[in-house]
Amino acid sequence: LKNIVEGFHRFRTEVFPQQAEFFRDLANAQRPRAMFITCADSRVVPEVITQSAPGDLFVTRNVGNVVPPYGQMNGGVSTAIEYAVMALGVHHIVVCGHSDCGAMKAVLDPPTLESMPTVKAWLRHAEVAKVVVQENRCSCSGRSTLDVLTEENVVAQLDHLRTHPSVAARLASGQLFIHGWVYSIETAEIKAYDAEQGCFRPLDSDGPVPMATPRPRYNLR
Amino acid sequence: LKNIVEGFHRFRTEVFPQQAEFFRDLANAQRPRAMFITCADSRVVPEVITQSAPGDLFVTRNVGNVVPPYGQMNGGVSTAIEYAVMALGVHHIVVCGHSDCGAMKAVLDPPTLESMPTVKAWLRHAEVAKVVVQENRCSCSGRSTLDVLTEENVVAQLDHLRTHPSVAARLASGQLFIHGWVYSIETAEIKAYDAEQGCFRPLDSDGPVPMATPRPRYNLR
Amino acid sequence: LKNIVEGFHRFRTEVFPQQAEFFRDLANAQRPRAMFITCADSRVVPEVITQSAPGDLFVTRNVGNVVPPYGQMNGGVSTAIEYAVMALGVHHIVVCGHSDCGAMKAVLDPPTLESMPTVKAWLRHAEVAKVVVQENRCSCSGRSTLDVLTEENVVAQLDHLRTHPSVAARLASGQLFIHGWVYSIETAEIKAYDAEQGCFRPLDSDGPVPMATPRPRYNLR
Amino acid sequence: LKNIVEGFHRFRTEVFPQQAEFFRDLANAQRPRAMFITCADSRVVPEVITQSAPGDLFVTRNVGNVVPPYGQMNGGVSTAIEYAVMALGVHHIVVCGHSDCGAMKAVLDPPTLESMPTVKAWLRHAEVAKVVVQENRCSCSGRSTLDVLTEENVVAQLDHLRTHPSVAARLASGQLFIHGWVYSIETAEIKAYDAEQGCFRPLDSDGPVPMATPRPRYNLR
Amino acid sequence: LKNIVEGFHRFRTEVFPQQAEFFRDLANAQRPRAMFITCADSRVVPEVITQSAPGDLFVTRNVGNVVPPYGQMNGGVSTAIEYAVMALGVHHIVVCGHSDCGAMKAVLDPPTLESMPTVKAWLRHAEVAKVVVQENRCSCSGRSTLDVLTEENVVAQLDHLRTHPSVAARLASGQLFIHGWVYSIETAEIKAYDAEQGCFRPLDSDGPVPMATPRPRYNLR
Amino acid sequence: LKNIVEGFHRFRTEVFPQQAEFFRDLANAQRPRAMFITCADSRVVPEVITQSAPGDLFVTRNVGNVVPPYGQMNGGVSTAIEYAVMALGVHHIVVCGHSDCGAMKAVLDPPTLESMPTVKAWLRHAEVAKVVVQENRCSCSGRSTLDVLTEENVVAQLDHLRTHPSVAARLASGQLFIHGWVYSIETAEIKAYDAEQGCFRPLDSDGPVPMATPRPRYNLR
């Protein structure tokens, strides 16, 4: 823990004094632009990837950037979604997977989960992606199963996201936008899901940002 | 989303190229020093507070930095703990609360949760802290209920953390250390829980770091 | 029960003998064309509405034609879906709501559910439709809230249907088609959901059948 | 889906006009005589077997005509029971199994369920019947295990039915009657459970209908 | 705790030495005659009421002598039943309620449970008895509601008991007997449920013991 | 059941008359000194071991003297704890394991649980003790694994006990004391957990009773 405590002292004595006013303004309320759901993996830091400052992103992180479907037993991710939409009124939710994800590897190699029953149960929420990949394997020529699974997992979690009442209501009226990303640690590329085309496209193209948001059914004007 | 996508482009074109080698080294494995469990609040960025780099911290964030007790139905937080201890072998777990926490305010003001049933159900995991504060209210003179509740919530989540098999096993043999912190957004102070004394003490004192880890019962030598 | 037993005797002595061979052919296997998910309401008989014979439709019926999202605790509807897709290989799933639905009325009038806690809990799966309607109320001019809710409930259950692994896998490869219908008891009309347009259109138009199936992402040819 | 849509058109243009008045009378309320719980199997159509018209039977169908016991987590079947008894006031509930049931075969051959985890979990509600048959196997000479299991499953589901508060209350006062049937697809026979004798007897005997209803403990006169 | 520790010392130094051989015989196995399920109430000591010695009764006690129905989520009582029947092979199970039961009083007076959410949820398993009593109230003239509820609760728990696979299997073959008792603290009377008559009769009558066991359906001879 | 009914008659005719007044005083309320949580094992009779009279101990017994952690789904043990602390105001809770415990043996020999799925699921609450013992095996030289596991199970259940809100609140203010015991059937010894030392010590030493209660954080004086 020595490094962490020293890091904190450095933050407190060197970084914070230069931005004390900024933090004082933050002290009594948060107004984040977006919600960011990503993996707990230490290499995927949302604020670094998006060069965001404290106060910008409402962040929930878990193993495999999973969004359980809304149900009778809801947990931490469902709570964060409801809070972000209802209490904070965010307008964007990003579900972000990443390359070399330990959770995705485990989904492909179940025996590694035998000693981790909790992880195994949790990753049932990614099972749907695995079934999609398995049943359509031959059609993914030229790409690794892990890469395809990582993308399909993001698609599946977007489908889960749409079952949450707060999300569905604001999608129906065009007030909320959802995004599915996959981040590559090695190359710093992000691919985003384009629901219309049914595929992922690079986020840094010059054209319009790929959208995973379904067409709104109501017009609030 | 414009700011976020622009931030990403800035990261990709300005920040990443300077550290391309660092990221390439990270591309195939993570070896984080510690697990960090904190609130989804946008103002609490673990990597900023501890001046950590990508790869340093395995992070899980949820509303109220809750750790549900280990049970028959386990979710994302329990999964992250099991994965961090069993698959990654972290030696430290920090549970970090913070000032001005919306979750803690909601615990004190239940009517605000009526329109958010999922949040309400989730915060039952913090109920224990509320009961502690309510039954001992008169003894906390001179401090706000919110501050006391925030600390008691961290103590409660540490107690929950100890019910996880992977954690209990390594605590028993002195291989794992647990920490309970409260971070102040306005002042950049951190108070850490001292289990022996039963109170929180500033982290930046010159003396030894306050410890929440119970005495090991086995000696692995 | 007298009517029912007499009805059975009539079936056994008058109807059955004329079709004994047909039933004998059915005796050892079922090969239904489609799965039909509708309300338990006594006025909505799938085989009558679609003039289907025994052996044609795999049917599951419950209060409110609900499809719970796939989760860690799955029940009868999820079981029927998995069985229909995996064991029977159906190619179509119809989710069919109906006019004058007691479940939809109850969703709009929660006090009627106070003495029925189980029904109340179950209808949380339709909560999402209610939230959609409530937040977009002003935009539905000219139609009753009950009618809009009944349609939105079918849309919501289609979204839930997509979270089931067996369904998602076959949707991805274009092997399964899903349909959202609302049946009017009084007029014998059916409206079907057109996902592209985001609205319901009459099923008996001469043009193509409205489709709720998302675009496949894989090509199995 | 072509057959189904064509069937609907036939219903709408040929069948419905002849009974338009009948359907108009049904349009605003249902007053079913009985509740019918049976398998989702496409060959078991309650309205055909009992020659019932729309409006006669409140129907819930699932894989294996299962009635989960009343518990802390209740689903679709429990909901339908509570609704039928409390909101509709039905006086009879029929639990109806059938010959050649895929669910019963699966209970006897668990490996077939390995790829269908949801079905497997659901059929734990029929486990009790399997244990009964296994522990008493030698006494069932002359009958197939499948036939005995199918009957025992109906007995088990009747026992489950009695744990539902709404059912138990009306059984105690003699206001509700429960029935356990097994329908043979090939021969159009129905056997009904006689609780007093502890065995199934043909429904079409001239004598009194076999009864599964326990003796009432209260006299409401 | 002083009394308890002193009681233990008295047991250890005065009682145990006189029966040391008896306890030594017990040290390596238990072979209890019966399972006893009763309330946690301090005044109801199964071994005193039945003058049983250590080794005679396998005992599980909880608030309200509840037996949850067998389901997908089973807990301590279900575990004890399965263990008693399968691992120990007991031939009798007694469910024993008692006079002046705090749990039964709470069922009749729900507001007292507001501060005890766990107790409230647990007593939903006794809800069925309350509904029976409420719907048949007028017929119980001359007896207190509490007394009738206490009896009906025992009847309900016997119904729950029959849903457990291990119990159902051995009831079907006549190898297991179940009993429903109500014990009066003040008068030391026990009334036992007579399922044939649908009523409770004193246990100390000279005639045969009242039986709650249903007729076996198999003959293992 | 003959022995039990005869035992009851003996109690009623011989024992009760001598203490009729004592029982009459108990008839309208219980005021137990302590709560006792122990195994359902027939050889472990709390009232015998502590020489307690009816009215002294509030007792809950289950397979393996398990205390599930407080969670979203709470059962009989959690109910008994909440009732004991909140409704009865007990000041002591004893968790008592014992020698030759069938549950502990089963934890060490999982195949024996294959035919008892409910027992298997329940004993996951003791899994934490098993993991502790397995990971620290070499350090327990000179003692049987069963003995160490039995002790560790008591320590684990004490940790679980602390997650219950009612318990945590009164521990924090020093109003409640918790105790972890292991009782030897053969020798009538009890060892008690000393949390300060992290080990079990004989209860019958002349010194102070070993304490498992954590230091209070509030002073109610």
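Order of writing sets the labels: A, B, C, D, E and F. Residues in every chain begin at 1.
By our rule, a contact is a pair of C-beta atoms (placed from the backbone, for glycine too) under 8 Å apart; a residue touches a chain by one contact, two chains touch by 3 or more.
The shown structure was predicted, so the numbers you read here are calculated from the model rather than taken from an experiment.
Novice: Could you work out how far chain C has to rotate to sit on chain F, using CA atoms and steps of 5 degrees?
Specialist: Rounded to the nearest 5 degrees, it is 180.
Novice: In terms of CA centroid distance, which chain is the most far removed from chain D?
Specialist: B
Novice: Quick check for the class: compute each chain's Cα centroid; which one is farthest from the centroid of chain C?
Specialist: F
Novice: Using the average of all C-alpha atoms in each chain as its centre, how far is it in Å between chain E and chain F?
Specialist: Their C-alpha centroids are separated by 19 Å.
Novice: Roughly how far is chain D from chain F, going centre to centre by Cα mean, in whole Å?
Specialist: Comparing mean C-alpha positions, chain F is 44 Å from chain D.
Novice: In angstrom, rounded to a whole number, how far apart do the mean CA points of chain D and chain E lie?
Specialist: About 32 Å, centre to centre.
Novice: Could you list the positions in chain D whose residues touch two or more of the other chains?
Specialist: Chain D, residues with two or more chain partners: 68, 70, 72-73, 121.
Novice: Could you list, by residue number, the parts of chain A that touch chain C in their complex?
Specialist: Residues in contact with chain C: 68-73, 121, 124, 127-128, 130-132, 134-136, 138-140, 152, 155-156, 159-160, 162-166, 168-170, 172-173, 196, 198-199, 214-220.
Novice: Would you tell me which residues of chain D are touching chain C in their complex?
Specialist: Counting only chain D, the residues touching chain C are 1, 3-5, 7-12, 15-16, 23-24, 26-30, 32-34, 40-45, 47-52, 54-63, 66, 68, 70, 73-84, 86-87, 92, 94, 99-100, 102-103, 115-119, 121-123, 177, 179, 185-186, 188-190, 203-204, 209.
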